[in-house]
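Dropping the structures in below, format is structure tokens.
Next come two complexes, and both contain chain A; in the first it sits with chain B, in the second with chain C.
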Partner chain A sequence: MRKYIVRRLVQMIIGLFLVASVTFLMFRLLPGDPTASLLDPAFTVEIRETIIERFGLNEPLHIQYINYLQNLVQGDFGRSFYYRRPSVEVLGDKIWNTLILMLSSMIIAYSIGVIGGMILSWKRGSKIEWGGITLGLFLRSAPMFWTGMLLIMLFAFNLGWLPHSGMRTPGYEAATTFAKFFSVDFLRHLLLPMITASLYFLGTPLLIMRNTMLETHGEDYIELSRAKGLSEWRIMILHAGRNALLPVITAGALFLGQALGGQVVVEYVFGWPGLGREIVLSAQRHDYPVAQTAFLFLAFMVMLMNLVADLFYSYLDPRVKLK
Partner chain B sequence: MAVTTMPQTKSKSGFRRSLLEPFLDFVRRDRLALIGILIIVSFILIAVFAPFLAPHDPRDMLRREDGTLARLDPPSLRHPFGTTNLGRDVFSQVLIGTRAALLVGFLAAFFVTLIGTNIGIIAGYYGGWVDSLLMRLVDILYAIPLIPFVIIMMALVEPSIWNVIWGISLLTWRTVARIIRSQVLSVSQRPYVKAARMAGCSNFRIMYYHIAPNILPLALLEMAFAVGWAITAEASVSFVGFGDPTVISWGQILHMVFLTGAIRTAWWWVVPPGLAIALLLIGVFFTARSLEEVVNPRLRRR
Partner chain C sequence: MALLDVHDVEVTYRTKEGPLKAAEYVSFQLKKGDSLGLIGESGCGKSTMAKAILRLLPDNGQISGGEILFQEQDLAKLSPKEMRKLRWKELSLVTQSAMNSLNPVYTVGAQIVEAIRTHEAVSKRRAWERAENLFRLVNIEPSHLTNHPHELSGGMKQRAIIAMALCLNPSLVIADEPTTALDVIVQDRILQQIVRIQKEISSSLIYISHDISVIAETCDYVVVMYGGHVMETAPVREFFRHPSHPYSLGMQNAFPNLEDVDSELISIPGYPPDLLNLPPGCRFSPRCPFADSVCQEERPELHFIGTQHGTRCHFPDRAEAFRAQAKLPETWTERPAQGQRGVGA
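Now for the complex of A and B:
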């Protein structure tokens, strides 16, 4: 087990190195100004030349590449043109904001989706099943930013129940770190983006759970439970549901990566100060150090989540041996 | 089976027929698939005839009868989906936007499937270091989130619809490659593949003549899903403002609503483009779902 984790961590470091290289190539080699990733377009010619000199942008590409990697290893991700601060500092808090929004929506979506999928498979062939499948497919089809806009129109502008943007009311000062994330104010801001994201995420676990539950129907242990006279609910949840859960978790782990990327639009619509919104803003401002750093952070989080998911999987199904 | 089997000669067309038969059979029996295909076909027709169907030029700034600019007019007979803040007809824009969605959806899905299937076949058939190398590449690509990737790419290069298609294709083939590879691994163990190898067939012939037809249904299924991702990705990228500025797309229409703050009042400008995306994707997913039942017969109704 420990060996496996060490090996996976080594693989992850190699993976990170490769993603960093891809990012380097993306920002330097794509058509356009190769110095654009370091130069603020507002700089004067003299400053521009000094900076080109200082960052070694007149050096050949391979030397720039080595410098870039050296800086990354030392935790130097460049300075933001817009905030005039190191980009790591700019993005530090935003990682937590992104994670809170994503994990809370994933948990809600997967709890409802798994239970819903169980019920759909048990009601096989009925109107409920047909309606459930259609609903699941519809939720997966409606783009998140659009659902978000509809919810904003309804709950923020028409009914005026919830705030339409941001994470805290301007001027609100939290007394403690705990109060920062568990205050009524914060939860009111979290509610709409969380519902938007969970509605979109819901379709996947719902449909997968239904499919895997169907495969358990003919199994001997289900027949046995019936013969023992157990109630249908008990069979459905404790016997069939438990065994059907594994593929849902695998799919969920892979989905986490997709969710992180897809969440960009939710953060943008709701002005949620996370990594995704920062990527959009920094791309608009041509603040490339921040865009590049946020991109690397996202890739790192996806890799980390895949590792955690694999470990969790072997914990749930002891038959799966990690080698 | 509702279909009567007709006597067939073992010709090439007979071979093709047996390959397509399960699909046709399913469309006949599966109501959802039929609805899905009808939706897709209607959107294709709308895209082809959009300029004739649209009552106004989508870029024209229209005026009311009293000569004032038709700014944010609610839906009426003249403007079925109302107008934008600059007096443009939303209905015409949504109709024209179908073209961008279908172009990106189908072209990107085609490239994704083409790259993914080939890489999957090569990795699964050759195995060994070729397989390891290609699959590590796929693992690394899995760590790169799609929408941020395309957004950054668009910020660095000239934003155009072709670059959006390339951005999506360059990354999303990873899923197809992984799924096709595992299928190829099992297909290449089958006796007829071994027999073909014994008979001295070239690797190329085995891969593309003996193995490829067996993974075709799976590749088609993956292509259907890829259409869905591609359309969502294009809409998302256009929505945050990195789409092709010269092309009217559904995502770009929603970008304008959001940017101008008209979301506070103009529901008619918000609802139609999003509904169009959802409807088209539902069509795609309905079709994909019945393909899935063909590929994985365990899901079929018993």
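Now for the complex of A and C:
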């Protein structure tokens, strides 16, 4: 087990190195001048050159690459051209914002999706199943900006119950870190983007759960569970559901890794200062350090979640042995 | 009063090609502590009967007639909730494929404890102790209770299922071909275990098999099914000494006889009937070497030739002559069976 984890971690490091190299090259291949945001046109040539030198942008590409990797190993992810702050710091705040939004939406979507999928498969051939599948497909294909805008229109403008964007009411100052994320004001801001994202995420677990669960219906152990006199609920959840859970867990873990990189659309629609929005902005600003760090983080999360899913797998299915 | 009195039961499946009667006019009784062997070829309706008694027919199947009196209540009329209380507590099942009958994600012990605790208000610990005793009863080391099904051998899994079937001392155990998937030696050992334990806890047993020798070894009574009908029913000795239905005769010919090693094995030509397209008269008539025109037109009743010996044949009094003729291979080969399907295919 420990050996397995160590091996996986080594694989992760190699993976991250590759991602770092590819993103490094990718951004440098993009047309446009990264120094544009750094420099004021009014600067003299000397000042201009000192600044460029300070960021190491005068060096040839391979030297820049080696410098980048060296810094990376030492935990230095570079300074943002735009914010003039370490890119980790810039992203740090955004990661938390994204984390809260995405985790809460995922938990809601996957809880409802898994239980809903179980019920749909158990009621196969009924109107409930037909309606559930239609709804699932509809939610899965409705673009998030569209659902988001509908919700804003209804709850923010027509009814005026909830704020339409941002994370906090302007001028609101949280007294403690706890209050920052658990105040009524914050939760009110969280509600609409969370619902929008949950609705969009819901379709996947719902449909996967239903499909894999359908395969368990004919299993002999389900028949034996019935013969044992267990209640239908118990059979559905503890016997059929438990066995059908694996593919949903995989899909969920992989998606969570991605989702933590931020969902650009929902963050844009609701003006949520998260990671996704920041990635788009930094790419537009040619802010390499921030963009590269963000991509590296995203890759790390996907790999990490993959590992978590595999570890969880061997817990959920005792037949899976990790070697 | 019999523990189980199955009376004229009919089971229908809805299929795309129309209703399919997998069992019709099935009647038999079973007294407390006795064992009954239900025998027949694949598709003759024996597993359907097991599922009907347990009310575990698939969604497209239903008991469309007759009654299944168990402890004087009609199982066919019980509500799902009443039925659920009865299951396992009074009626348990040893399934056909022990390999897949245990849930792969739980330990064997947990699954036995679950069965006990569903029906009895006992502590987990107490239930576990009972599971340990059951494992000793079926000769498995109790420490295997903490294993998952995939960690046990086929024979152990089958015995674990038998242990589970006995965990509530049910009045009736239905064993649906419990040893088919096992090799002959393990099969025999498990067979003897089932019989021994069944006598010990004095529960009744319905043993379903296509293997006539297994039934001879295990059961007190025999019920022969063919094409959804009961063809013959008799105490086991009587059945082997005086088989009366031509189908029973043919079936006995098809199995090796230890006392008469030289006797040739004779198989019954033809195939079991298509349940969607049944012959109007006796269902065995297309393959029966003694069939007459009346056999092809009229459905025979179950005639009782002894107090407990019934045969669904138009000629119960000619049984003696049939027995003599059935021993000769020519009887089965000479007369090309009429209306048999799949010849030369």
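One rule holds in what follows: the second predicted complex is superposed on the first by the 284 of 323 C-alpha atoms of A that agree within 3 Å, B and C clash if a C-alpha of one lies under 4 Å from a C-alpha of the other, contacts with A are read in each partner's own complex, and residues count from 1 in each chain.
Keep this in mind: a residue touches a chain if its C-beta (ideal position, glycine included) is under 8 Å from a C-beta of that chain, and two chains touch if they have at least 3 such contacts.
Since the model is a prediction, treat every value here as computed from it, not as a measurement.
Engineer: Once the two structures are overlaid on chain A, check if chain B and chain C clash or fit side by side.
Structural biologist: When both complexes are placed onto chain A, chain B and chain C end up side by side without any clash.
Engineer: Contact-wise, after the overlay, does A:233 reach chain B, chain C, both or neither (first, second, both, neither)?
Structural biologist: A:233 sits against neither chain B nor chain C.
Engineer: Should A:220 be classified as contacting the first partner (chain B), the second (chain C), both, or neither?
Structural biologist: The second partner, chain C, only.
Engineer: Is chain A touched at more residues by chain B or by chain C?
Structural biologist: Comparing touch counts on chain A for chain B and chain C gives B.
Engineer: Based on the superposed arrangement, let me know which partner A:182 touches: chain B (first), chain C (second), both, or neither?
Structural biologist: Neither partner.
Engineer: Please indicate which partner A:318 is in contact with in the superposed arrangement: first for chain B, second for chain C, both, or neither.
Structural biologist: Only chain C is touched by A:318; chain B is not.
Engineer: Have a look at where A:268 lands relative to chain B and chain C in the superposition and call it first, second, both or neither.
Structural biologist: So A:268 only meets chain B here.
Engineer: Should A:96 be classified as contacting the first partner (chain B), the second (chain C), both, or neither?
Structural biologist: neither
Engineer: Touching A:280 in the superposition: chain B (first), chain C (second), both, neither?
Structural biologist: first
Engineer: Just checking: does A:161 make contact with chain B only, chain C only, both, or neither of them? Give me first, second, both or neither.
Structural biologist: Neither partner.
Engineer: So after superposition, what is the minimum Cα distance from chain B to chain C, given in Å?
Structural biologist: Superposed model gives a least chain B-chain C C-alpha distance of 10 Å.
Engineer: Considering only the contact definition stated at the top, list the common interface residues of chain A for chain B and chain C.
Structural biologist: none
Engineer: Over in the complex, which chain C residues touch chain A? Could you list them?
Structural biologist: Residues in contact with chain A: 54, 56, 84-89, 92-93, 95-97, 100-105, 114-115, 118-119, 148, 150, 161, 164.
Engineer: Within their complex, state which residues of chain B touch chain A.
Structural biologist: 32, 139-140, 142-149, 151-158, 228, 232, 235-236, 239-242, 251, 254, 257-258, 263-264, 267, 270-271, 273-274, 277-282, 284-286, 289, 298-299, 301
Engineer: Going by the contact rule set out above, which residues of chain A touch chain B in the complex?
Structural biologist: That would be residues 11, 15, 18-19, 22, 26-27, 30-32, 36, 125, 133-134, 137-138, 140-147, 149-150, 152-153, 157, 211, 214-215, 254, 257-258, 260-262, 264-265, 268-269, 276, 279-280, 283-284, 286, 291, 294-295, 298-300, 302-303, 306 of chain A.
Engineer: Could you pull out which chain A residues touch chain C in their complex?
Structural biologist: Its residues touching chain C are 219-221, 223-231, 239, 242-243, 316-319.
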